[in-house]
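Each remark here refers to the structure printed beneath this line.
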Amino acid sequence: MGKKIVFTDRVRIYDTDAQGIVHYAGYYRFFTDAAEGFMRDTLGLSYPLLDERTWFVVVESEAKYFKSAKLGEELSVLLEPKLVSDKALRFDFEILVNGSKSCVGHITQVSIDKELWHAVPMPPSVLEKIRNSTGASLSSSKRNKRNDADNA
Amino acid sequence: MGKKIVFTDRVRIYDTDAQGIVHYAGYYRFFTDAAEGFMRDTLGLSYPLLDERTWFVVVESEAKYFKSAKLGEELSVLLEPKLVSDKALRFDFEILVNGSKSCVGHITQVSIDKELWHAVPMPPSVLEKIRNSTGASLSSSKRNKRNDADNA
Amino acid sequence: MGKKIVFTDRVRIYDTDAQGIVHYAGYYRFFTDAAEGFMRDTLGLSYPLLDERTWFVVVESEAKYFKSAKLGEELSVLLEPKLVSDKALRFDFEILVNGSKSCVGHITQVSIDKELWHAVPMPPSVLEKIRNSTGASLSSSKRNKRNDADNA
Amino acid sequence: MGKKIVFTDRVRIYDTDAQGIVHYAGYYRFFTDAAEGFMRDTLGLSYPLLDERTWFVVVESEAKYFKSAKLGEELSVLLEPKLVSDKALRFDFEILVNGSKSCVGHITQVSIDKELWHAVPMPPSVLEKIRNSTGASLSSSKRNKRNDADNA
C-alpha cells in the first residue's frame, strides 16, 4: 500500500565473503544505507540520531535471502516506511539485482531519550515528516506507479 | 526442548557504534561465532564450507534486541540447533549480558552444491553428527535445564 | 605531482564506534570505495578482480589520522594513482572533512594470477589505461593543483 | 628487544572476501583483538576507554601482507608494546599462520581527554602498568627469544 522509495547501492569487496557472495549480515549495510538515505534525502532528518536528545535504536531486524548478490553488482534497494506508533518506525526493504529479488527484510526502530534510555514519542516535527511521507504514499496510488518507484 | 550450548564472546570496540552500544547488525557476528564454534568444537566440522563440494548458505536471519550490550561486556551466547530437513539447519540464539536477555534471534542455512549452486542434502556424515547432537538434546530433557546451558 | 581524483563518501552509523567517531579501521572502507570508484568510473575496469584470471591483492595499507570524522559528515576522498611497476599499483589517499585534513594513507596492490597465486604483470589493456591515467596526471602539473582536485 | 606477547585468533567467514582470503582491512580486527587482550588480560585495563575521562584514540595504523590467511585458519598474533611518550603507546604486531609470517604492522594510539578532545598524559596507574610491562620486557632479553613468545 505504502510508497516504495528506491535507492541504489553496489556490492563492494568488503561486503563479500569466501563464498564469493555478499555475507548474510552484509545486507544490513544496504538496509542501513537506504534508511539513512530516506531519512536524510527524503525527509531532511539525521539518522539514527534524530536530535540532541532523541535517538532511534533498532529493536528488530530480519532478512530472507533469495538470490545471492555478487561483487560489483548494482542493487536497487526499495524502502517502505511504516509508522507502527508515535514511538516506533518500521522500514520494509526489498533488494533487487538485475530486476530479480535478492533479499527481503525489515528493521524496526524505537525512539528513545538518550539520557534516560527509554522509549519516548518521536519529536513532533519528525513525526509530522514521517506521517506526511507515509500519508503521501496513500494518495500516491492515484499517481503513475512507475514514477513511484520505477516499477517496484 | 533442545539442548542449548553456551559460548562466550565479548563486545569489542569495532562491534559498537556512535550510540555507545553494539550496532544492531553486529549481533550477527556473535551468532556467527557461536555457529562456527558449535560446528567446529562440538561437531568437529568446518563452517560454513562443509566439504570440498558442499557449502552452507544462510537463507534467513533475524534478531530481536532487548537490552543493549556495551563495550567490554562479556556475552553468553546460547545456541540451539534444529534440523529443519536434510538440507536445512536452523540455529536459535539467545544472548545474555550479566544474566539478562540482550538479544534473541536465529539464522537458517541450507546445504548447497557449490558448483551447481542449488540445495542438496547435507553429506551423510555431517547429517549424522547434527542428528546425534540434536538427538542428544532430546534425551537431555531429563536433565536440569539450567545445567544444560551451564555445562554445555 | 600526479592528478588527484576526488570522490565523496559519507560517514555511516556502522563506520563509527563507541568513541563517537569513525573506527580507525573504518577509514579503509573509504579508501576501498575510492579505489573501486577510480577503477570503475575513471578507467572502466572492475576491481579488485581485474579479469577472469588476474586479481589485485593488497600488499600494504597505511593510514595516519588527524581530525576524527563524525557520523553523517560528508567526506572528500582524494585518490592519486602511482604505478610502482607493471605488477604493482599504489593509491595515495587524503580524506577531507569540511576542507580539513582528516586522514592520509595509502594502499598498494599487486597483480596476481589467481590460479598460481603469484605476481604477474597486469593485463596490457589494464596497464595502458592506468598509464594513460597517470600519464595524464603528469601533464596535469601545468594545471592549477586546487582545480585538479575540485574539478576531477 | 621488547617482549612479544602471543594471542590466538581465528579467521571467521566475515573476515574473508570474494578472493577467498582475509580482506586486507580485516587484519586490523586481529590487531584490535590482541590490543584489547593485552590491555585487559596482561595489564588489567579497559581498552580503548582507559577510564571515565581518558580514551585511547588511534593516530596511525599500518600493515604489510605476506601470506594470505584463509577461512578457519588459526592465527598467532604477536604483540610488542612500545611506550612512545607518556601520551602515546605503539603496538607492533606480527601474525603467523602455521608458523609462517602472514602480516606485520602496527597501531599507535594517543591518550586524550575525551571532553577536551586533546592529548593528555595517560593516568599514572596506567602508565605504570605499561612501563612495568615493557620494563619486564627489557630484562626478558636474557631469556630465549623463542620462549618469550611461546610462554607469554
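We just call them A, B, C and D in the order they show up, numbering each chain from 1.
Please note the rule applied: contacts are C-beta pairs under 8 Å (C-beta built on N, C-alpha and C of every residue); 3 or more make two chains touch, one makes a residue touch a chain.
This is a predicted model, so every value here is computed, not measured.
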Subject >> Greatest separation from chain A - chain, by CA centre >> reply: D
**OP:** Taking all residue numbers used at the chain B/chain C interface, answer same if over half belong to both copies and different if under half do.
**Re:** same
Subject >> Selected pair, greater C-beta contact count between C-D and B-D >> reply: C-D
**OP:** Starting from the mean Cα coordinates of chain C and chain D, work out the distance between those two points in Å.
**Re:** 26
Subject >> Cα-centroid distance, chain B relative to chain C, in whole angstrom >> reply: 37
Original post:
Using the touch rule from the top of the page, what residues of chain D touch 2 or more other chains?
Top reply: 13-14, 18-19, 21, 25, 29, 32, 48-49, 71
Original post:
So in the complex, which bits of chain A are touching chain D?
Top reply: 13-14, 16-21, 23, 25, 70-71
**OP:** Can you check the complex and tell me which residues of chain A touch chain B?
**Re:** 18-19, 21, 24-25, 28-29, 32, 48-49, 55, 57-65, 68, 107, 114, 117
Original post:
Quick one: in the complex, what on chain A touches chain C?
Top reply: 10, 12-14, 29, 32-33, 36, 40, 46-49, 71-72
